Structure formats: C-alpha cells, structure tokens
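Here chain A shows up in two complexes: once beside chain B, once beside chain C.
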Partner chain A sequence: MLNYTFHWNQAFKALPQMLDGAVVTLQIALLSMVLGVALALTLTAFRLSGSRILRGFAATWVEIARNTPALFQIYMAHFGLGNFGIHLSPFTALLIGIAFNNAGYLAENFRGALKAIPDTQARAGRSLGMTPIQAFRLIVLPQMLRVAFLPATNQMVWAILMTSLGVTVGMNTDLAGITQELNARSFRTFEFFALAAVIYYIIAKLVTLAARLLAARMFKY
Partner chain B sequence: MIEIKDVRKSFSTLEVLKGINLTVSKGEVVTIIGGSGSGKSTLLTCINGLEPINAGQITIDGTVVHAKDTDLNKLRRKVGIVFQQWNAFPHLTVLENVMLAPRKVLGLAKEKAEEIAVKQLTHVGLAEKLNVYPNRMSGGQQQRMAIARALAMSPEYMLFDEVTSALDPMLVGEVLDTLKMLAEEGMTMICVTHEMAFARDVSDRVAFFHHGVMAEIGTPDQLFGAPQHPDTQAFLASAR
Partner chain C sequence: MKPSVLAFSLMAATALTSQAHADKLDDIIASGTLRCAVVLDFPPMGARDESNNAIGFDVDYCNDLAKALGVTAEIVETPFPERIPALMSGRVDVGVASTSDTLERAKTVGMTIPYFAFEMAVTANEKSGVKSFEDMKGKVVGATAGTYEAIALEEQVKAWGAGEFRPYQTQADVFLALSQGQLDATVSTSTVAQANVKTGKFPGIAVVGKAPFDIDYVSLFTNREEYGLINFLNLFVNQQVRTGRYAELYEKWVGGEVPNLSVNGVYR
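Let's look at the complex of A and B:
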C-alpha cells in the first residue's frame, strides 16, 4: 500500500526557484491589500453617503465579494472579462480578483470599526471648534484604524493564501504557479506541495508577527 | 453676553424647550437645576449650536447662533462646553488631548500650544499626568482634563453639562472645586447641575427648569431660601 518513495532532494533543489515565487506571491498580496484598503474606504464612504445609488453599489459589491467563491471572482476577472474583449494578464486578473474580495471584507470591517467609535467623540471635537472633516480625521479615524487593524491583518493572510488560486488562470510565476509547474514535470506532488505549504505557512506567520509588532508600536493606549 | 429669547426646541413630536428666555452677562455664573427631562441639558447644546432650534433666537455677543451665515466653528472657540461624559480622546495622551484643538483649530505652533496646555493642566491639578493616556486616570481626573481641554481654547464662556453626574461620589468634590475656582476667577459660566450645595455656593443666579419651562430664576438666597413656584418648592423639598 505505501510503496511511494519520497524524493525530497528534488524539492529542496527547487527551493530557490520556489522562494522567488514566494516573493511574487507576497507582492501580489501586498498590492491587493493596498488596492483593497483604498477601495474599501471608498465603499465605506459610499455606504454612508446620501445617494441611494452609491449605497446600493457598495452594498452589492460587499454582498458579492463575501458570498461567492474567491475562485469565481478571479475567474471572472480573467475569463469573464475576456468574453467582453477585455483581456487581462494572469497577474492583473489575479490582482483584481483578490482586490475585489479584499475590498468587500475590509469595507465590512471598516463599517464595524466606525460603529465602535461613539458619536460623542466627534461631537467633542466639534464643540472645540473643529470642522466635521477635522473631527473625523483627527479623532474618529485614528481610533477606527486601531479597531480595524487586526481584522485587516487576517485579510492580508487570506490574500496571501488566495494568490494560490492564480494557477487556475495561468499564473505561473508565483509560489503556487511555480510549484504546479515543478509538479507537472516531476510528478513529485507530495514533496513539492508540502514544501510550498511550509513556505506559505511561514509567510503567513511572519506577516501576522510583523502586524502585531507594528500594532504595538502604533497603538500605545 | 448670551441672550436666549423665546427658544423652542422639539425632538420629533416631543417639545423639550417651550419658550426659554434668559440673559447671561459677562462674568456671571448661572446654574440651572431641575428634574431629568426638564430640557436643561438640551439648552446648553443649543447655545453652542450643536443642536438646531425650532423657534426663537440665541445670540452670543451679538452673533445669532442659528443664523445660516454664522460660522459655528469660529463661534465655538469662544464658547467651551464640557459634558457629563468627558469624552477624552483615548488615542492621545493628556497633554495631546489638550493641545489638539489649539494647534489644529487655532493654528498655534506646537511649542505655544504645549505651553498653554501645560498651564491649563497645571491649573486643574494634572501637571503630573501630562504623558499619561486618559484610560489610566480616574473619571474625576478625566473630567478635569476635559475642562482643561476646553479652557485651552481661551473661551469667553463656559457651559458645563452635569459634569459630575457620571462620577463616583468620592470624585465629585475635586471637579466641583475646579468649577468653583473658575467661577472665582470671573469666568462666565452656565452650569447644569444636580449639586444643590454647589449651585447655592457659586451662582449669581439659579434657574429652575420644569418640563421645558424656566419656572423660576433668582439669586441663590431667593430660590433656595424662599422659592415662589410650587414646582420649585416640590423639587427642592425632594432634593434635600
């Protein structure tokens, strides 16, 4: 039954190549978070706006992003848009798909964080002569970021793991893509994917640790 | 001078202020007493324009508070307010809490704002707490910080909205002493309070509010010694 012989050497020899892929993975995840945060802030502003259209747009985005598979979202960015003549490279499609997903989750996170700050905080700022924008920027926003920060790091980890879905749209330069190509050539599936999993794990842990250190520096109260 | 003329204010169908008239001169200390829901706190938030009014007029040194072209942000620089819940900014140290508005609203340089903040915090007895975060302090200390924060804007008028109501009984004294000190320094103040002894002690005039109406106003001796209105008499009898 167990007549499989492990060949770890092949996997370890490919380690430098896989680590190059890990760098690409981290790049996509970071970019998708930057885009995701920008989009989520916009969506949050839309949700608070007076316009029914903007509110509806934001609500629809959040609903789709959070209640459909991330794989479909990435597929849509690549093949779905392709049907309309918009041909995005695997890298761009993957980035857009993950950013779309991030934005949905982060918008919900930001909304919750905003609700956690009592109205009286902005009111206290206004009573000191601040404009509504000053009261938001100087008093509400910094407190909101603290509440939103750790859930946002979870999303960052999730974004790193989601990049592996890129193989389905032909992404072949990130960790999952390179692992898949090595596997296709050698059929050493277990060894390559186990090694890749360890690399994903280490990246995720390092990101979480970095976020915690950053949070301790940024939020002293 | 603050002039309140026939001010009416409703929250949806509930009329909480039913035509209030009151004039407060420079240097005067007026306290407002009355039961819960009598409209006394609402009046304070109307005075600095945090709440709109439905009828009547409030003017501060000739500026109509609720006029469309009134710059409320500018007006609020000279009318400080301190709330029942002190609303410390938790992400800033005590010093930063007090420096924030002088820097960002008045546009003062950092050194100047710090000088003012240190002076005001020393004044309210918090010189030892400059670099502490508010959540490390007692309610009384946070409330005194909130008073220093309002004073740092060099206001000409101060409004105090039940500033001791949310405090532990042991901490009430230190905050009342701070208010008393301000009154003695000649600050123009309107205090909404449940502290009768304090009202009697510091006020030039005491007003009694009942169901949205100012039922009676007079010197502390008049109002506490010989209340005229039956509702005032009933309230004072139950308050003692």
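Let's look at the complex of A and C:
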C-alpha cells in the first residue's frame, strides 16, 4: 500500500524546468539518429563490400550493439574510454552510446529492407545502361529507405527513451537528469517521475505522428 | 440485550479499536522484524565486507535499534535516490541512510534529531592542480547525486559562474571518474573521502582540504505521520549518545574527534 500524499502543485512549479530538459532529450535523440543513420549506411556498405575485414568489422559492431544493454554501451563510452584517458563529457558519452546502439539496429533494418528488393530490379536498371552505382542509387536505395523508414521511427522512439540512461554518466540537463535532481532535493519522487513519464510519452507520440505524416508525404506512389 | 451478546460485542469493539490504533511502532514489534534502508555504497557508513555481508556505522546502528525494540534487524540495501520510494512502498520501516535533514525533505518524510554529523572535504585528482576549495572554481567537479554536498556544490558552481558540475549515481562512480581524471575534484563527507582514498582502489587522488559548507547533520527517517515511532527514535538517538555507544561506534568506524550532535543556542 502506498502511504503517500501527493503534492502536485510542487511538481507543476518545476514543469518549465522539466520542459527545458525535454528539449535537451529531444536534441540528443535527434542527433543520435542522424549519426546512427549515417553509421548504419556505412555499416551496410561494409557488409555488401568484398573485403572480409570490413564485413567482419560491420558484423562485430552489429552483434555488440544489438546484444548488449544500452546502459552498458553508454557506461563504456564514459567510464570505459575514461580508463584509457579519453574523456568524453556526459553529453558526448550519452550521444555516442546511443548512436552506437542506433547504428547496430538500423544496419539490421537496412539489411532487411535490401533483401525485400528483388535483385532483378537492379539488373533491369543495368540492362538500361546504368552503372552499378547508378542502379543502386536510383533504384535500390529509394526503395530501401521506404521499407526501412517506419521501423527506423521505432528506433527514434527507443533513442528518446534511452536518453534517460544518461544519469548513470553524470548527465544532469536532460529530462531524466533534471527529474532526478528535483527528486533528490524534495523527495517528491512519485509526482516528478509521473510527470516525467507523461512528458516522455507525449514526446514519443509526437515523434511517431510526425514520422507517419512525413512518410505519407515522402513515399507516395 | 443478553449479557453474553453485550460482552461479545464489547470484545469485538475493543479488538477493532485496538486494530485501528496499531501504529508503525506496534507493527514493527508485532512483526518481530525491523527493516532498515541502508546505503551500502557509502563507506564507512555502509559497505560490504569480503564475504558480502553488510557492514558499517549505519548497519551497526540499525542492529542497535532492533535490539532496543526487541526484534531482529533486516538490512535492506537502498541506493540514495531510492530511499523514499523504498519507504513509501512499505519495503522498509526506517531509513538509517545518512540522510541530511533538510526542510525541503521534511515536507515529505519524518526526520528524527541528528544521529550523525559530517564535515565536508575536498578530494582532488593529483594532476588537476586543485589544492583547496577555492581552486575548484572553473574546474570540472562532481558529487553523488541527491546528497547534501551535491546540492551545495552545484549551487557553488552556479555562483562561481565557471566550471562544470556533474552528478553521478553512486559514490563509487564519483571516485572512479575522479581517479580517471574525468573530474578534477569532488566534495564529499570527510569520513567517506578518507575511507575511499584508503582503499587504494582509486589511484591518483588525495584529500586536499575542507569545504566551507555547513555541517551536514543527518537523521533517521520514517513516515511523516508516525509520531509514535519518531518519538521512540529520538529517544533512541539520545540514549546512544548518553550510553557512550555513539562514541564507541564512531571510534570503530571513523576514529578521531566525535562530532557534536547538538547546535548551540537553539532547542530541537
């Protein structure tokens, strides 16, 4: 049984501060997606390349990113690298940790999306006189992005939620960091955490909605 | 009404009312177990020995309290940020967790009179060039999130208008970051600073001086409305000092001059 009287007005007073934190959360998530997509495309290219070293590198990355906890990846970016004298600020460590994770999952997305496009299409393009690169860029890539887009928005939502792990590496400007600090000061745990959960939910919903609208516009046949 | 029916309803009524009057103190005594929230990442107040047993000042304090209540103690490991959720969800009865008695927190939980007092010390990475509290201006500093010193240090960094403050979730992470050079300096309680430097787990750090923050008085805490229990706890803290047990435990875990737990010129 919860033996607790809620003081909502105290929590609402801190709302502007928490919304500032939400902006930082969204920034990190967006940046991590931009980095993640760029890295994932590179990894996909590595996997398609003839070099065994590049293929092995990409496979290792994807394996680690997908099969270890995000908390571990972020912790390693801060304390793990710190052990070797590489000092990343909490913001950078969090960003790199999430981008690493995003890249692993998105590379798998892209691989799946590539498989969905029959080889015959690229061959048809080649028979029309396109170079291999042209055929990939003009025929395969646009279709791949279309197939991969909605699964990628899932990753974006996941990235937003992962930012809350930043508190483990000393992040105190994002939504989770600010919530933790407000909680430490006043001990009004349940109000602040409930409010933070609602804000995360709203951000995630808005992002999903925006992605749907964008997809409807961009990928019209 | 027959006398037997009357007697029965009287008995039932007594049983009911005594039920309604049972407070947390009664519940603890009746259950035979006292569950204490203790932070075990905070030597010498709370830690684990080689065989993973809970040890430390707070652990002994909880055991003493259980003995005074005539029950057995159960140590519930609770990280700093989870002290309140643990109490509110009924997983623990009392917090023996080095909790600073701020007014802001007293709006949420019931605080006893102080049972321990900390002085604050500056610990620095030897390469940072920090030799005193003032040297911390403009540097990257940090402390354990949710502690008294973290709140004070963050405000100090804001007042200086230079440098950066980073809160970490555990005391161990703070000293790890300090040892790696990710932090230049930290403020922690002097007892904790000494204990951590002594372990040798964090090379390259040293205690360099005192931090001019107010003395950090820490209280036991329980639910705000449990006056019966708070009253008992207050007397228990008083008795610990009176009987010399407080000084004995201080000598065992910390050593040196025993901090005074009363404030001059005011009642509590």
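Everything that follows uses one rule, which is that the second predicted complex is superposed on the first by the 218 of 221 C-alpha atoms of A that agree within 3 Å, B and C clash if a C-alpha of one lies under 4 Å from a C-alpha of the other, contacts with A are read in each partner's own complex, and residues count from 1 in each chain.
To be clear about the criterion, a residue touches a chain if its C-beta (ideal position, glycine included) is under 8 Å from a C-beta of that chain, and two chains touch if they have at least 3 such contacts.
None of the values given here were measured: they were computed from a predicted structure.
Comparing chain B with chain C, more residues of chain A are touched by C. Contacts of A:Q180 after superposition on the shared chain: chain C is touched, whereas chain B is not. Contacts of A:Q121 after superposition on the shared chain: chain B is touched, whereas chain C is not.
Judged by the touch definition given at the top, the superposed model places A:L138 against chain B, while chain C stays out of reach. Contacts of chain A with chain B, set against its contacts with chain C after fitting on chain A, share not one residue. Put simply, chain A touches chain C in their complex at residues 1-4, 7, 78-79, 82-83, 85, 87, 89-90, 167-170, 172, 177, 180-181, 183-190. Looking at the complex, you find that chain C touches chain A at residues 80-81, 83-85, 88-90, 102, 104-105, 107-109, 142, 145-147, 150-151, 154, 164-169, 173, 176-177, 180-182, 223. Residues of chain A that touch chain B in their complex: 120-121, 123-131, 134, 138-139, 142-143, 146, 219-221. Residue ranges on chain B touching chain A, taken from their complex, read 48, 50, 73-74, 76-77, 80-81, 83, 85, 87, 89-91, 100-101, 104-106, 133-135, 146, 149-150, 153.
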